[in-house]
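There are two complexes below, and they share chain A, which is joined by chain B in the first and by chain C in the second.
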Partner chain A sequence: MLAQHSTVSLVRPCFLSGSQVVLKIIKHYQEEGQGSEVVQGVLLGLVVEDRLEITNCFPFPQHTEEDADFDEVQYQMEMMRSLRHVNIDHLHVGWYQSTFYGSFVSRALLDSQFSYQHAIEESVVLIYDPIKTAQGSLSLKAYRLTPKLMEICKEKDFSAEGLKKAAVGYENMFEEVPIVIKNSHLISVLLWELEEKSTVPSKHELLSLSSSSHLEKSLQMLMDRVDDMSQDIVKFNTFSRNTSKQQQQKHQYIQRRQQENTQRQSRGEPPLPEEDISKMFKPPQPPPRMDTLLIAGQINTYCQTVKEFTSQNLGKLFMAEALQGHNS
Partner chain B sequence: AAAARVHEGATPSPGRSRPAVVKIHPVVVASIVDSYERRNEGASRVIGTLLGTIDKHSVEVTNCFSVPHNESEDEVAVDMEFAKNMYELHRKVSPSEVIIGWYATGYDITEHSVLIHEYYSREAQNPIHLTVDTALQSGKMSVRAYLSAPMGVPGKTVGVMFTPLSVKYVYYDTECIGIELLQKTRTSPSRTNGLTSDLTQVAGSAAQTQEMLSTVLAYIEDVLAGKVTADNSVGRYLMDLVDKVPMIPAEDFETMLNSNINDLLMVTYLTNLTQTQIALNEKLVIM
Partner chain C sequence: MSRFFATGSDSESEESSSADEITPKATGTTLTKQALLLSDEEEDTKRLVRSAKDKRFEELTNLIKTIRNAMKIRDMSKCLEEFEQLCRAFLKSKTIVDKEGVPQFYIRLLADLEDYLNQLWEDKEGKKKMNKNNAKALSTLRQKIRKYNRDFESEIANYKEVDEESDSDDDDDEDWGSETVDSGSESEDNEGNSASLALEKPKMFAKGTEINTAVVVKKLHEILQARGKKGTDRAAQIDLLHALAAISNENNLGEGVSVKIKFNIIASLYDYNPNLAAFMKPEMWKKCLECINELLDILIDNSNIFIGENIAEDSENLAISDQPFRVRGCVLTLIERMDEEFVKIMQNTDPHSQEYVDNLKDEGRVCAIVDRLLQYLEAKGTTEEVCRVFLRRIMHTYYKFDYKAHRRSLGLQGESKSEQDQEESEGEDSAVIMDRLCKFIYAKDRTDRIRTCAILCHIYHHALHSRWYQARDLMLMSHLQDNIQHADPPVQILYNRTMVQLGICAFRQGMIKDAHNALLDIQSSGRAKELLGQGLLMRNMQERNAEQEKIEKRRQVPFHMHINLELLECVYLVSAMLLEIPYMAAHEFDARRRMISKQFHHQLRVGERQPLLGPPESMREHVVAASKAMKMGDWRTCHSFIINEKMNCKVWDLFPEAQRVREMLVRKIQEESLRTYLFTYSSVYDSISMETLADMFQLELPTVHSIISKMIINEELMASLDQPTQTVVMHRTEPTCLQNMALQLAEKLGGLMENNERVFDLKQGVYGGYFNRDQKGGYQQKQGYQRGTFSRI
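Let's look at the complex of A and B:
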């Protein structure tokens, strides 16, 4: 579901202008998104030719049951109106969401992203993984729906034939857009100042060898998804079994009818009226394909993240071995 | 509040023993610089509200937003409605943040600042005034914080004095990592940086450690050659460093290493298997 690495370079990157977007997203999750809650927000920026530039963002409050009368749209409109007064770009170019161990492929995400992309072709959804970031490297990925998936969403044709026609597999649902951070000179001065003022001992989380808890959690989520998938497969199997049983029944019925008709003819009686077979045997409902696709996509994302993680850890383990080998 | 890491940032501490310290998150200063870059034509500086939390001895600034204002020689106008509205909107997202002061870009404190400070005194007790020198008048982007105190002869002319406070930069752990990545944009010629992945990151970290080790080694060589006098405290740190590498008997280490590698390989195998499985499933079902 993520385009393979070789094709990523063909996709034009999206630019993050200035550091405030990254920092704001990090802060938002840190302050408001404790536990496994998902935080969301809107990305603002502009589209220059066919290049997307994200210049600012603002967070969305959490959905709590108490503020049932909270009007999201109104909040957005007010925020954008106010930001326009201070010359901040007020074009909605996308949205961001935090994720928990890489689980973000869901119907909700698809719908939201579709509505954004429908309005602006280049809009992206930024997925921020705070747990992976805490492990040592900023994990911020931008995704966009592939044009094929966009078409399907437009038609709202999620049946099996529709998907087969558009040849959308779980692998080409989303395409990853590489992110490039662009800083102006002033921000560079600021960064220089920060580095001077705060002697940050650069954290070496990245080189830490402990991996089991993270692996456990990831595998747990993967297993849950695989369970969902297997349930889905069972459903599909029952469906196909039912269809074939029905076919058989239809056949038998037609045969019996013909037999009877020949019998009647031989006895000189009028044949039985032709009945509408399709009304008698209602074909069973095919299970919706979209959910399976989403689950497959999610499983794929999990697998990718886990593989990245294991490859990093293998590298670290070999380094540790080399270090130990030196000593002993 | 999440665990925050405090780093020493030296700015001239006030002569009197005011315990107040201002802790700033880098997101605030980055937003200020961005607002400055977007200021209206003809405006020489931008101002805005600072949001954050207060506790007994220090003030932590975690957010900010700019407020439109007009300044001329003799008068200053601040859009207070706007400030109130924005604060309400921000409160919806983070209800724990309160107005703790205001900021202005520029190096000096002008008379207009006094007026604006008065307005903010109505919104918050003891508001902090932050100046960010975006025009680099002082040669670098200095960030200073002030508290106002009344001065003068009571009953006669009373004025306001701004006393400086010490400024510290505070980071969440994840902010640290974000900043590290952003620092990399300083070195690239187009001031850009892509987000790297997997092994390149580990390699980068290892390279950094290597650099640091070579600096330490160079120092040790110098000491041994007599070029630099040995420093006992440094020597103690070095002892700690060497001790940190655990002395594990070779077979134990082998077993540990192998079991870890086996775990990781097994997980990789399982994930590959799963991916093949779903690919197969796709083909079967779509058929």
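Let's look at the complex of A and C:
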């Protein structure tokens, strides 16, 4: 098999993956993913020197609500055992997920990546964007949680203070790992040969000038996130107002108590017993900040995508203009 | 007859056992039969073949004998046992009983046993002494016999009278009145066979008493004293009063007395049903109507009778004299009550039965009575009373469509109708009557409620007869919308009915927007049925207990006054469609688009969810299908969905002027389809000829012109009119979808910013103001911003 010769090498924290893995992921999406549905799977490989090499992968089976007793862990173990039997790398090094217009920064992703990284230190998550890929440029990104975020997740401290202390912002939640896709020489040769033979220019999607539908979709999703963000902020606002109000009340109460005590002292009476103030004034539950942070992160990715997309498109438009001028 | 029998019978007969209770020597038509069947004991030895009847009766008499013995020794358990056997035996001999009538001895036993038990029951001391079994048997037996005796009520009453009679004949002419009053008051705990008041029907007065007003009034009071007491037989009381009325008439005691008695008869007729929820039985109702009619006859014929609630009992003047009669009582209240009873009867009758129709025929009589009362009170009553009776009259008028007036206003077909119709149509238009009555109430009434009701009825009547502007103006002038929530539920129901009628009226007149607004409140709640008092919604019992349910049931409007709910919904949905579809087309990309009608959208969604779209069946499906056609600007399909055979017979034919409504509807559909078409497809046109449009939508050119001009003025359509070529030139300045999105995003981000600043405010305290100062306005002006910028380009 050709694919077995392809390797994925990893330089320092970066890594490369073989075309077999890429093709498998794409195939998985084509077969099972539709629209905004997301497909996931397991990456296999090994750490070589300072690289993480991903040499194989297999999909999580799609399971419906009916067979709820389907054991995913069992399936994975079974799968890996079978792979070992045929002498393929069977070390678990992460997972992959498809995305819909770049929406992947979510709580679920954070949680599962955390558990991966917690168990297997070198784990990565590969994000595959089928829509961009369909437009002509393969979009595959690898992410890891930053050590800071790992700390926070470990302590499960998602309060505002905790995040502030750890200095985690939406920019430094994830770190992107560079990818190098490396094929075996034989495959490269094959590819060259295929390119020679193919008659249809297969790259015309790249030059497509229509942009609005993609942009619309992105904007729509961006808007949804902004709405969420607004809501979160309003929530936070109410929270902080409540806290300050309560603080005031607490303060007043303490003062009154002190006054009374001094009066009593002057009359020679014993002071009033200390009551548990914290019991009387239960601080309101602070809204968790993690979700907000994730939303911010998601907005950031959307913005990146839109920016990237528009700049490309502008380029294309200029090209088209020049072409028109040339023709006429 | 029975009286005759009673005098003939022996006074000691009640002591003797049942077998020989009636001696053959008694004479009379009934007695011959009874004598035969009862005196079998001495004869049965001689007879070889006994009839089934004899056999059965012998069985019964034997059982009765044992019961009497048991009674004597106070053995209750034995009594109970035997009594049960007796009941069974009686049931067996049912066929014979049916043929022959209930045997006298049986009734006698039942009566005696009940009295005896009551007596024992009252005797607390004796009860204590009883052993447990006996006491238990006593209570069960007492309950049983009570229940059992209910079936034989009249017979027992009969028997008791006879009994009484034979008693009272012994004691000479005593002052009857005083004694019965006594016995009346203590009848419950007295000896069982002492008469309870209601039982002495046939004989009112002792022989030879001179019957005059005073005596009759006294007697009347006696009878009335029993009213409301537990043991009183209400039916008997009514009979008693009737008898009294007859006596007073016989003796020519004058109208005063008979009016007085009539009042009481009617009152006790109303009393007949112990609880408020039950309705009158038909025969009672008939009697009641007759009584009231008679009463009114007397009152109207004799102008020298004064009646009033405030006349004290002792200042009444009932005797015939030169002075006018004065009688306590209020005929208005009686008739109002009668009206309520009528409503109650209608509420409790199945509206789809023949019975309902029969009952409804009484509506005419009720109206006639109200009319007569109205005449009477107009002459005699105070303004308050007049107002009340006017309201009654209005209540019977407002919901009826005046077909005659309608026909007359059309000015045709008068001749072809039959004589009778001709005659009737001579009468006053209901509109004129309503106007007269309501105006009187507006001027004279001092209680708010009557005026409110009158206004609402007036509006309803106007609306029903398509006098939209009068109805609307009256509604607006009355300011009822503001304070109706303080009114009591029946008035609120009336208000809802009026609003609905107003909305339907507006629709008929083609005021779609008004129609929609008027119906919105009722329809959007989804509880139209309940709000109009036309039925209860199924709800779980937690929300409403049985008590509440009863109250709500009492508020229901009788079926013949119902407003057709399907018609209501259809009118609402169609008006919503005519408003919403063009609006939706105009604001297709607007994120801030609000719904005009939630319910309409709901129906649309339901329609979309359908996995398979067949041809529409129900009214809703028709409207949904029509809406879809309209969305495409296809007015012909829309028209065929809204107006077709099915819809005609379901909805449109219910209108009095169906044809006119349909024409209006077609016109509206054409206009709104045109608007929708322009909104939806303006982006694909550079210019479009108005003639083409007029042709497409079958509208006249000026109409098309005016519609388009309106759209341009309202900045709904970015276009201009080119006069010489009669075309509409599109400006194509509508923002594209993407631009719209970007604008929305900008707006949202603005909101986000603002919120963020507020957080900042809180932290910074005083500083916050600085950030807010110049930006507030910027975000607030967004509403105009969106369209404004683009239309100016």
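Assume the second predicted complex is superposed on the first by the 277 of 328 C-alpha atoms of A that agree within 3 Å, B and C clash if a C-alpha of one lies under 4 Å from a C-alpha of the other, contacts with A are read in each partner's own complex, and residues count from 1 in each chain.
Definition applied: a residue touches a chain if its C-beta (ideal position, glycine included) is under 8 Å from a C-beta of that chain, and two chains touch if they have at least 3 such contacts.
None of these values were measured; they are calculated from a predicted model.
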item	value
First (chain B), second (chain C), both or neither touched by A:Ile254	neither
Partner chain(s) touched by A:Met77 [first = chain B, second = chain C, both, neither]	neither
Partner chain(s) touched by A:Ser212 [first = chain B, second = chain C, both, neither]	both
First, second, both or neither for A:Gln220, with chain B first and chain C second	second
Dominant contact partner of chain A by residue count, chain C or chain B	B
Which of chain B and chain C A:Val234 touches, first, second, both or neither	second
First (chain B), second (chain C), both or neither touched by A:Ser244	second
Partner chain in contact with A:Ser311 - chain B first, chain C second, else both or neither	first
Chain B and chain C contact sites that coincide on chain A, given as residue numbers	212, 215, 219, 222, 226, 229, 233, 236
Of all residues in chain B, those that touch chain A in their complex	1-2, 7-10, 25-27, 29-31, 33-40, 46, 62-63, 65-68, 79, 82, 85-86, 89, 92-94, 96, 134, 136, 140-143, 168-169, 171-183, 185-186, 190-199, 201-203, 205-206, 208-209, 245, 247-250, 253, 257, 260-261, 263-265, 267-268, 270-272, 274-275, 278-279, 281-282, 285-286
Residue numbers on chain A that touch chain C, as the complex places them	212, 215-216, 219-220, 222-223, 226-227, 229-230, 233-234, 236-237, 240-241, 244
Chain B contact footprint on chain A (complex, rising order)	13, 15, 18-20, 22-24, 26-32, 34, 55-56, 59-61, 70, 75, 78-79, 82, 85-88, 130, 133-134, 136-138, 140-141, 160, 163-164, 169-171, 178-195, 197-200, 202-207, 209, 211-212, 215, 219, 222, 226, 229, 233, 236, 289, 292, 296, 299-300, 302-303, 306-308, 310-317, 319-321, 323-324, 327-328
Of all residues in chain C, those that touch chain A in their complex	736-738, 741-742, 744-745, 748-749, 751-752, 755-756, 758-759, 762-763
